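Letters are used for the chains, namely A, B, C and D, taken in the order the chains are written, and counting of residues starts over at 1 for each.
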Amino acid sequence: MKRFTKMEYESPDDMVFGFAKHPVKTKYDMEIGAGYVNPIIKVAPKEGSENSMESMVAECRNITISACQRALNIGLPSFIIEQEHIAQQTANPEWAGACTQAQVEVLEKFHDEYGIKVALKATPADIRDEEKGSNYRTSEQYQNVMESIEQCCENGASIICIETTGGKSVSDYGISRGDPRAILFGIGVLGSIDMEFMWEEIVKICNKHKVIPGGDTNCSQSNTAMFLAGGLLDKDCSHTLAAIARGIGGANSLVAVECGAKGPLKDCGYENPIVKSISGVPIATEGKNAVCAHSDLMGNLIAGICDCWSNESVYHREEMGGTTPEVWLQATGFEAALMNTAIQTGEDKTLRDLYTLTDKYRDPQALILAYDNAYRIGEAIVEYGDDPYQRSIAAALEVGKIITEAVEAKKIQLTRFEQDSLNSAIRTFNKLPDDSSKFIKRSVRRYGRKVEDFDPKNYEL
Amino acid sequence: MKRFTKMEYESPDDMVFGFAKHPVKTKYDMEIGAGYVNPIIKVAPKEGSENSMESMVAECRNITISACQRALNIGLPSFIIEQEHIAQQTANPEWAGACTQAQVEVLEKFHDEYGIKVALKATPADIRDEEKGSNYRTSEQYQNVMESIEQCCENGASIICIETTGGKSVSDYGISRGDPRAILFGIGVLGSIDMEFMWEEIVKICNKHKVIPGGDTNCSQSNTAMFLAGGLLDKDCSHTLAAIARGIGGANSLVAVECGAKGPLKDCGYENPIVKSISGVPIATEGKNAVCAHSDLMGNLIAGICDCWSNESVYHREEMGGTTPEVWLQATGFEAALMNTAIQTGEDKTLRDLYTLTDKYRDPQALILAYDNAYRIGEAIVEYGDDPYQRSIAAALEVGKIITEAVEAKKIQLTRFEQDSLNSAIRTFNKLPDDSSKFIKRSVRRYGRKVEDFDPKNYEL
Amino acid sequence: MSYKDLEDKITQDKIAIRYNVVAEGAAMKAEDYPEVKEILPTEEPFRKIALEILYEDKINALKDVKKSLEEGYSPIELINNALMKGIDAVSTLYTKGVYFLPDLMLAGDAMMESVKECEKVLGRKSDTKGTVVCFVAEGDPHDIGKNLILMFLRAGGFEAIDLGRDVAAQRVVEAVKEYDPLFMTGTALMTTTMTAFPKVVEALKEAGLEVPAIGCGGGAVRKDYVETMDMTVYGVEAYHTPKLADAILTDNKNWEDLRKEYSDIVGEFVSEYAS
Amino acid sequence: MSYKDLEDKITQDKIAIRYNVVAEGAAMKAEDYPEVKEILPTEEPFRKIALEILYEDKINALKDVKKSLEEGYSPIELINNALMKGIDAVSTLYTKGVYFLPDLMLAGDAMMESVKECEKVLGRKSDTKGTVVCFVAEGDPHDIGKNLILMFLRAGGFEAIDLGRDVAAQRVVEAVKEYDPLFMTGTALMTTTMTAFPKVVEALKEAGLEVPAIGCGGGAVRKDYVETMDMTVYGVEAYHTPKLADAILTDNKNWEDLRKEYSDIVGEFVSEYAS
């Protein structure tokens, strides 16, 4: 595995939506990061569809047909459908295979008939259970995850993604208690160890089948922080602490790429701009067209340097404007079209800057993901690129610096709660040992005691 | 009444979102068209809420609170809530009053507490029934419409709008049969006669209460054409004919302004760019964030020169991301924020052009509403400004010219059906008499026979 | 950069593709489509009249129908072998995506008026496949969808009774008593008027009446809502109506069957029935 | 224009206003809020310990509790007059928007451990207001919401039983038999796991069991879905849980009441209950 110790981009200004240093090509004429932005549509299977393989296959097929029809009706040159598998699809790998096959069949038909560029991104669920003695690395659940990935590959998926969950017991604890050390340990250390373990294997399977290994996300950790942080008036998690979690999340999601993931990285990885700045792989992001799924405070900003643009998730049901696969593909499709127009006219960087500046000072979580700041965090990470622990601290401290500078420049005001939790986190990080093994040893002891589900054996610690 | 016989804007390039020649100010610090774009949220009352005045009042209040809370949570500087009244609210004017009062109370509280700029746009329903002998101009229903408007004014609405329906029996006939003459008569003549009648009265009521008379829309006619036209692969109404209806719709919606409407014009008036170019009043539009309500082929383009940005309509229910007043205000709020960033940075015209070019050649209906083309249609209209009939023909012929030029320049390709119906419409219009009274006489005879519900007496013809 | 400069830089199909143009086959005469050939009669004067319907030529259709009646052709035969064949071909082309709504409406007008001529000679209304009653929900003024339905039903050989818009539940009950319809359609475009459907169902039950199915559709109506009551089936496209009615007529389907087999019956993928 | 130039042109509050900063009052010590003053005890050592809980100071709280126990203060009194008062004040400040979740979690940790000290002396578990059983739906790994609920319940004086995540319906039935809970909470974050709720309700009915209410909440769960079954009530915020439990305990409310009076019971506008 090759760790990143320098930036693939020479300057933040080189990054813009629709272009990645290392574009990806798949069948059905689909290219990603090669000069245009692809809309993504993602629909959660309807309640009850989990009851049998037949109903889940029908559900997946139907979502796909609806999306294809709307794509044609509004003239989209290309789109990607992502299917996030639910537990049943992964626990029963033949479901994963059958669903994939049904979806690919539909896409192929529409591609053949109309020439529309399409791809299926299949995302099996990480169904491993983090508990004491759960044998993260050998359990039947682990086997099923890998077998499902194999099934998706064999049945024609264009891209494979996953949301691994390593370290979440500890980061959950840290997020809810405002404990920055637990966040660092959970995301930066445990998450990175686990992601490496998983992706070494995933990349092997994908390569065997010549399917694109897409990417991972820190969803299970920094998105938990983001959702708990909520809106400006919410009071569950400090927005500065959520920003720190996100910065560390960048150091974490990079691991999949280091293992061979080629992008597009998962849409829910709000840390993706950091990873793109370091690695040059194409990324998917989601923001203002994912309001159906959740509220974030960077709905425009996060589009700044994306390669695919997603709606994240929506109930499968009817709106007045059509069924949700139709309606929400239209939403992401129209936004992608705007970006593509900007690319065509050479105004892509202007639009990127407008997207970015719309949210840059809306919230500290947005601030640090502005592409210039994401780049700074990237630089901090690669400076200690070889050591997941040290690069995580570097990311966290850079986050702190970025926010502090903006506060000092009077660009953003923080509440007392945000300022206090930021200060205390920075103090904590500054006091940590340089040596990762020392930190790990202490943390294993500390959180082994405090966090019921945390089992060091799951990380071979 | 002063007819427009010249353009308020000197060139199309002078028009851009967020700025109107004649901005509007209302209470709670709200300004419209004065240098920033306001998001609008509109939510259809839930099924069952129509059962009693109490439940409708609660429904309206609740929608408003949800919207206010989300606005604060995501940091919107301003927003407008529009309530489109259902038949029961207008048929019982005390409902209109009570609902308005409840909504205004909420808005005022949030404005006082947080300084957020807010406005309530109340839109009573045009519940008059177009039938033979229905006494459009004196019926109890007519009285209730006016009484409801009065109630909304008295109870604190900031702006009054309405969607008048004059002429729709004839235009419906024309749209479903592809009869351009019926479309011209229904929209350009009957619609204009009726709108004048209604707005003379509405403006009086609004002025008495110092409430802003907002505007009207050709929804009942050109939107019917647009919805029947549907997507690219739909087959109910020719998209070129829908474009013609829209052009004539511009000549129609202008009438409200001529009677004293000050804007913002109704969001569903896709013809509003034409009206803005002529009159300089602020407009509301809706597009890519109205996918919940319907699918249009100009989701970005229509934002180009808007002053308010709306979601059109959505069920009142839950998404994963919150309730729909929250979710959809976030959608329009984030888009408005992007436009406001563009204004702040001086890149507003670039963004306007990107919006426009994204859809300009997606469909003929979009093409003619690109702000440069809307301006051309505006010019055609004012040239015959004094005569609603002649200016409608002028608008229609200009639409034809714009589309034909684009086809000849190979910018857009039409299907045979689109091309044929365009050609035949142009032929028809070219053969019509110059004299409006001659046309009216013939049309009264023709459609009096063919269209069951059309009663010339409703238009004093 | 100026608007024009920006525009000139664009490669259009990177932004939007007009798939309607992509999908369009070579121009072909309506009567040459194999599906139409199968339907059209070969004998005269039936063929000529059927073609006049196919080409939406009301004036000549009327003229030729009158002439044929004078020449002694049976009005029933003219209806069944010429007029209905013509409109059948029109419907087929509409479903195929070759013909458009106005074609259907105009051909329908031509067909309906020609039928009236035949009925004059016949001395009574001609037989139809069955009666369908159509209404717009109480409180709702949106009637275009319902008007389309009327046309599709008539083109499909059904007697379609138009109760108009803003129709009270009681009026629907009376109509059911009067016509004992095979099928009924209700249209509502608003969340606050689709609540009229359960009221209609209640009123029918109270009156001890039943219909095989009530198709409920229109802008704001959702399948999940329609399926909270009995007797109803969610309707999606106006042109589905005659197919639903046919299924009731021919295969004795009821509302429960229609709910289950909707896509199959209308013969296409229906997104709403997939969600 | 360069990114920096663009940025420099912006007047920030024309784009986004940080209402959290707008809303923030002057800094004030936690104990000085009038609502808190009313709750806090005045006598020592209760006041000191309550303040330690209020300030999330586990170490000193434990120390002072131990000391007071040694000095002969009754463990029951310490729990009721010091520890519960402290946590009560914390909850009040959380609801008021002054305190944040981590405050609550840390104060909760301090309170819980101090209670354990008291229980050692007491020789048994202290009395709680009642027992609530909490689970995450079968097939669902998302447990943060449930974990918050546990903390809020414990801070509210309830015994909260944690069944964990991915809990089968049968396991829930057993827990009801074992604990006969006052209230139960289920959490599901996915459309395809919220289907576990009707299964739980069915299983309980089959076993002839009943609970006054099962609060069902979590990311993907919708009120309309929850209200398709009996015994359930849709739950919105974790901190609503003790209030719902209180309403059952004190006012004998059942699931039907909770559905109707949710907003009143939790004492705030709840958007989901307004749609």
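Criterion: a residue touches a chain if its C-beta (ideal position, glycine included) is under 8 Å from a C-beta of that chain, and two chains touch if they have at least 3 such contacts.
None of the values given here were measured: they were computed from a predicted structure.
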{"item": "Chain-contact steps, minimal, separating chain D from chain C", "value": "2"}
{"item": "Labels of chains that are neighbours to chain B and to chain D", "value": "A"}
{"item": "A-C compared against A-D, more contacting pairs", "value": "A-D"}
{"item": "Identity of the chain that, by mean CA position, is farthest from chain B", "value": "D"}
{"item": "Whole-Å gap between the CA centroids of chain A and chain B", "value": "40"}
{"item": "Centroid spacing, where centroids are CA-atom means, of chain A and chain C in whole angstrom", "value": "48"}
{"item": "Centroid distance [mean C-alpha coordinates] between chain C and chain B, Å", "value": "30"}
{"item": "For chain C, residues contacting two or more additional chains", "value": "1, 6-7, 10, 15-16, 18-19, 23, 220, 222"}
{"item": "Residue list for chain B, restricted to those that touch at least two other chains", "value": "44, 46, 69, 72-75, 232-233, 315-316, 320, 322, 326, 337, 340-341, 345, 347, 350, 353-354, 357-359, 362-363"}
{"item": "Overall pattern in which the protein chains touch one another (line/ring/star/complete/other)", "value": "other"}
{"item": "Pairwise chain contacts, counting only pairs that touch as defined", "value": "A-B, A-C, A-D, B-C, B-D"}
{"item": "Residues of chain A defined as touching chain C within the complex", "value": "36, 46, 58-59, 62-63, 65-66, 69, 72-77, 114-116, 316-318, 320, 322-326, 337, 340-341, 343-347"}
{"item": "Residue ranges of chain B in contact with chain A within the complex", "value": "44, 69-70, 72-75, 230-234, 287-295, 297, 299-300, 313-315, 319-322, 326-328, 330-331, 334-335, 337-338, 340-342, 345, 347, 350-351, 353-355, 357-359, 362-363"}
{"item": "Touching residues (chain side chain C, partner chain B) in the complex", "value": "1, 3, 6-7, 10, 12, 15-16, 18-21, 23-24, 27, 94, 97, 99-102, 105-106, 109, 139-141, 144, 147-148, 151, 166, 190-195, 220, 222, 225"}
{"item": "Chain B residues within the chain C interface of the complex", "value": "13, 44-51, 86-88, 127, 129, 165, 172, 176-179, 224, 228, 232-233, 235-238, 315-316, 350, 353-354, 356-363, 372, 411-418, 421"}
{"item": "Touching residues on chain C, where the partner in the complex is chain A", "value": "1, 6-7, 9-11, 13-19, 22-23, 219-220, 222-224, 269, 271-272, 274-275"}
